[in-house]
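Two complexes, one shared chain (subunit A), two partners (subunit B, subunit C).
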Partner chain A sequence: MSYASYRRFLAMSAAVALGGSVLAGCGSSDDGDAGARSGPVELTYWAWAPGLDKVADLWNKGPGKKEQITVTVKKQASGDDLVTKIVTAAKAKQAPDLVQAEYQALPTLVSNDVLADISDEADGARGAFAPGVWQQVTLGSDAVYAIPQDSGPMMFYYREDLFEKYGLKVPATWDEFAETARALKKKAPDKDLTTFSANDSGLFAGLAQQAGARWWTTEGDKWKVGIDDAATRKVADFWGGLVAEDVIDNQPMYTPAWNKALNTGQQIGWVSAVWAPGTLTTAAPDTKGKWAMAPLPQWTASKPATGSWGGSTTAVTNDSEHKAAAAAFATWLNTDPKALAALAEESGIYPAATAAQTGGALAEAPDYFSNQPDFYTEAAAIAKTTAPAAWGPNVNVAYTTFKDAFGRAAKNKSGFGAALTAMQDKTVADLKKNGFGVAR
Partner chain B sequence: MVLFLLFFALPIGYAGYLSLRKVEIKGLGLGHGARQEVWAGLANYTDALTDSELLDGALRVLGYGAIVVPVMLGLALVLALLLDTDRIRLASFSRLAIFLPYAIPGVVAALLWGFLYLPAVSPFAYLLEGVGLSQPDLLDGAPLYGALANIAVWGGTGFNMIVIYTSLRAIPVEVYEAARLDGCTPLQIALRIKIPMVAPSLVLTFFFSIIATLQVFAEPTTLKPLTNSVSTTWSPLMKVYQDAFVKGDIHAAAAEAVLIAAATLLLSFGFLRLANSRTKQGASQ
Partner chain C sequence: MTAVAVRKSAPAAGSTPGTAQGPPRRPRRSRAGLLPSAALLLGAAYCLLPVIWVVVAATKGSDELFSTFTFLPGTGFADNLGDLTAYRDGVFWQWMVNSGFYAGCGALLSTAVSAVSGYALAMYRFRGREALFNILLAGVLMPPVILAVPQYLLLAKVELTDSYLSVLLPLILSPYGVYLARIYAAAAVPADVVEAARMDGAGEWRIFTRIGLPMMVPGLVTVFLFQFTAIWNNFLLPYIMLGDDEKFPITLGLFTLLAQGSNQPSLYTLVITGALLAVVPLIALFLVVQRFWSLDLLSGAVKS
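Up next, the complex of A and B:
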């Protein structure tokens, strides 16, 4: 029966690999332990941004050497599983000193008692960031749970040459955006202005944020979930309408088919964020220099706002024996001009610190957008209009429901109203099931 | 015995323990002491059993299995019988060629097929366009089951064929000689002698296939980003993964995992018993 075990081994290999990575995570922080503050301090930092170890080296050779604080970066996979990995490690009191965490993951981590309040050490950094960004690391309280690292202000990308060819104007409002989509369909029925993709919840969250949605707010000691609030419903109905009308595509992003649609000009626009040049470089290499970036279309033209799609923070954990040292590093990493320049250079991130959004590594437009030399100047102006976001302790549930419900609705072209209701209901039900106080 | 306890009983026992616990949260759930692990009794199990996502997933997997198991085993049996005839040319090459897909990891296979399924990048779509046809979207609705089943059949047929083929080779040659002397045609030999003689290995491969089907995870997970039709909880194991690693609720995930294991045991051993009693009956006749 040797093939029996072999067969089972193969069938289970995926699950085992996943379990194994969590276990490995628990063990790997062991070597981050250090003695009391009397001597040199060693900090472990779990992060996924590429090249972060090089930036940490700058610290270890510069300010860190003076203060005898050495930071070791342990590369992680990004995404939802890292949150679980950190929570699991924290349960075993084995969490690293520092972690990279996405904005929307902060309430989950705080709720699991993973993150330390570093307001004493880090409150001075407040002025370096746009208010809408800083508010996300305080969860609207007096505490400071992380230092913003990068942000993803949203923009509209379009094929400049094809817009000209079809006589289209860059839409300044969402109404114009819908008109543009219809006009394009009339002139070139086989082309689409863009697609509504349900496989990245961050896009929809950012669009709702732009419209003024507040998905999680607190009322006393209760959470209030506003996923189906008027602002979000407006956004959902707008996109659901475009899909139902068949004037935009409904296929998911980041697939080989989507890459091809961008690369061949079958889709001539993309609602994205400041990091889009990197994605376009790999997805649509043949159209380099033909794209242009514009502010996101607006709901109210007189009050420009944008959402944020992606972005992360540096947080200090409760397990750290050297919270002050860790907070000092986190502040340096995300506010020091040298560190920020290195972050932009080595990790290719778009810094959340306002002062670093122009100049340095961001003085010149990305190679892919060499036709738009003021790319980063314009991006910095857009970033200033970032609307505040309100995250709660079960963003993961809302995001998963979004993928499933909106994915189905986009496929059926049936409008997004029911899907949004499902998202709200499941999120509330999950909060209640876990015992959170929920206001209605 | 120690090994059994350490590597088998202990993890299962721990999963059982976790499945009886839950985390209770007070108020906003922020800060120290807002989370407490408490006994949940069977609450996680009743939740799992009444969870429509898990039940829908189970139904989907049953539908998927209804395609995979008969097609895969049928193909494996036919191919093994063909390879076992004397007239086949390049026997060892064919054997290797049929077995080869089994050596390709499921994730890689799913990716390969995923590319072929997407009309925009599939070479088949390109060829079909050449003759004026268009490739249907295979990752949608009912064809999705076929598309997923195809990956499993492609990957699994070779393995099952080898198992059946091996037991075919173990049949003594005298049996065939006797049959031929009695005037049996090759087809009659196949139907009347070979298939009944390899029935035990058919039972075995069926048994493995049921288990593999119920635990399908890698293929739908890999195809998920390519289409809106595969939800994050498409199969029961994907639901377990979601709960454990995305929602971070290990207690619910543990209860679901225990239920899936129990269902797998019940189905597979139920089948084994049925098959055994049938063979015993056959033997006593």
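Up next, the complex of A and C:
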């Protein structure tokens, strides 16, 4: 709780910083024209993925050496706070050349004028990615603000052995999912199919995305907020109903208690994304080899779709004096087969580049899922069905409101309708407060 | 002797309930002493349990951390220590050294500044003294985190961000330290002594270093300890200022271990072991300075 309030505080200080930028904004005008460079170039890269420094070393010893471009990775802590930090640094013209940014953070960074348009250098990379992924780095415009790095197509994970023990079928639709939860409750009242975590806004956003929600869209030069739309409401009512009915748990994920629930088989399923094996390895070490992965349950069985949870990009900032060099590195990092193989191996990421989603380091299933040898082949097939995502400039506000309002509602088991309205209203109010036009 | 007195006065407490005199209350104190003790013990347990948790959890391997009984020691302490030291070529110890540098230098400099300004505010009467002091008092009420972003923007103008200095400079002036030093100097340094030194022809700087400073030492130790702890635990200022993880203090470093992105598990065991090691220097410092600190603080207060 104190962490949440600390986050809110940080957001507040950022607001102070933005106000203060009027005073501080008289810095040098940057003429980051990248074409005309001579001599060696040093780039700094703020990123959080582990082992990224080793991948950067590959560049520094290989293609980077030829082009005299050296990249230094400065490891950061991931999360919304990093976005605040980058925006603050950019206000002071001190942002690093390259930053790792999650997809949903891109509009925030673009609207704060942090990210450079690298379409001249990077447009050639377009073909390497699924259209739905590429659309997220262009924000639907002609510009290119980042190169996709990893993606997190969502899937359903379940305890194969316990499903068999209780005679449960893997749910193909959300209706079946609800039935499965009820059936399990009847057979084993102390167990839960899964939990609805009000701490993980990204999960809810991904589920809404699967249902066809478009939370932020543009209409002319105005933003249109669709958080309270029919698709999201369907998702909110579905999960709110399950919580109210008491057939799933209402405790947050990523807590020691949750780890224990997974490890002891008290929770026997998890709606997650392709990176789940890594999490399960530490959260539930005793159940290795007992889990299996299936596509996410569907709303319409004939039209399979999935959402995404997590995933990030490599972006070049306006403060960089060597934008072309930075864009060259970002493109190499996320499209070169050697770099992608190293990323999968060293950083454990699931590459966004379609060509890299099955071969190389991902040819074999993750160790934790050795019982499902075609793990990554299935994952790649699921990734193809990723529904488009629509992010806006104040995702952080929507996410914070989600945690507060849904957290309370989940605790009280009171349904999520009011919480969803609160999320919509606060997001719209914040857009207006920050001077964005909002369409009705 | 005292026991007799207590017993004798006991009936008086019952027979004259209305009197507000001292002696009749004495017997009650020994009986009621149980309650405060119990409350204090409870408070101690409340404070110490989390510490014990950290100590016990640091001994658990990642497979034991969430699966075995909470207060059952595990078997993985050596492994945790090894993993932590091996993590990115020992960057953890670099963070410890950084924290020591920030806290040690910052607290020393801040104590020096507090000593000079506190002494000046207490000993000299000059125009605007109270106004200055009131501004300082307002500074005490202002949480330092509010200032982190403005300080960042200011330091960015002189190109000092992302350097050791960027974390050190904003910490040198501590309103609370100056406030404490002034109060302490006013109480511990008698004006007569200073006056006598002046009569004997000592210069002001000499009076401060030879007479004022030694008398203020216990108070300054308090300032030093407060500042050291505050800087050691500081998070937001270095978070905003620093981009280079080689310059991170321990608080920031451990945070990067926790938040590694959604596709990477948090390194709980390493963070817990790191947190335990990060507390050790603080405890050591308090144990070393504690006795000297509390005794002299008392004697100083009595003297005035």
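As a working rule, the second predicted complex is superposed on the first by the 404 of 440 C-alpha atoms of A that agree within 3 Å, B and C clash if a C-alpha of one lies under 4 Å from a C-alpha of the other, contacts with A are read in each partner's own complex, and residues count from 1 in each chain.
In this section, contacts are C-beta pairs under 8 Å (C-beta built on N, C-alpha and C of every residue); 3 or more make two chains touch, one makes a residue touch a chain.
For clarity, every value in this text was computed on a predicted model and none was experimentally measured.
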Subunit B versus subunit C as contact partner of A:110, first or second or both or neither:
first
Go through the superposed model and pick first if A:354 touches only subunit B, second if only subunit C, both, or neither.
neither
Between subunit B (first) and subunit C (second), which does A:263 come into contact with in this model arrangement: first, second, both, or neither?
second
Touching partner for A:60 - first (subunit B), second (subunit C), both, neither:
neither
Taking the superposition as given, does A:74 touch the first partner, subunit B, the second, subunit C, both, or neither?
second
A:83 contacts which: subunit B (first), subunit C (second), both, neither?
first
Pick one for A:46: touches subunit B only (first), subunit C only (second), both, or neither.
second
In subunit A, both subunit B and subunit C touch residues 10, 13-14, 81, 254, 256, 260
Touching residues (chain side subunit C, partner subunit A) in the complex:
62-63, 65-67, 88, 145-146, 148-150, 152-153, 156-157, 161-162, 236, 239-240, 243-245, 252, 255-256, 258-266, 268
Quick check on the complex: what are the subunit A residues that touch subunit C?
9-10, 13-14, 16-17, 20-21, 23-24, 27, 44, 46, 48-50, 53, 74-79, 81, 85, 88-89, 91-94, 96, 150, 152, 202, 254, 256, 259-260, 263-264, 273-275, 278-279, 281-283, 285-286, 309-310, 312, 347-350
For subunit B, which residues are in contact with subunit A within the complex?
23-35, 47, 105-107, 115, 118-121, 140, 159, 163, 208, 211-212, 215, 217-218, 221, 225-229, 231-233, 237, 241-242, 244-248
Listed in rising order, subunit A residues that touch subunit B in their complex are 3-4, 7-8, 10-15, 18, 80-81, 83-84, 87, 107-108, 110-113, 139, 198-199, 218, 221-223, 250-252, 254-257, 260-261, 393-394, 396-397, 400, 403-404, 407-408, 410-411, 430, 433-437
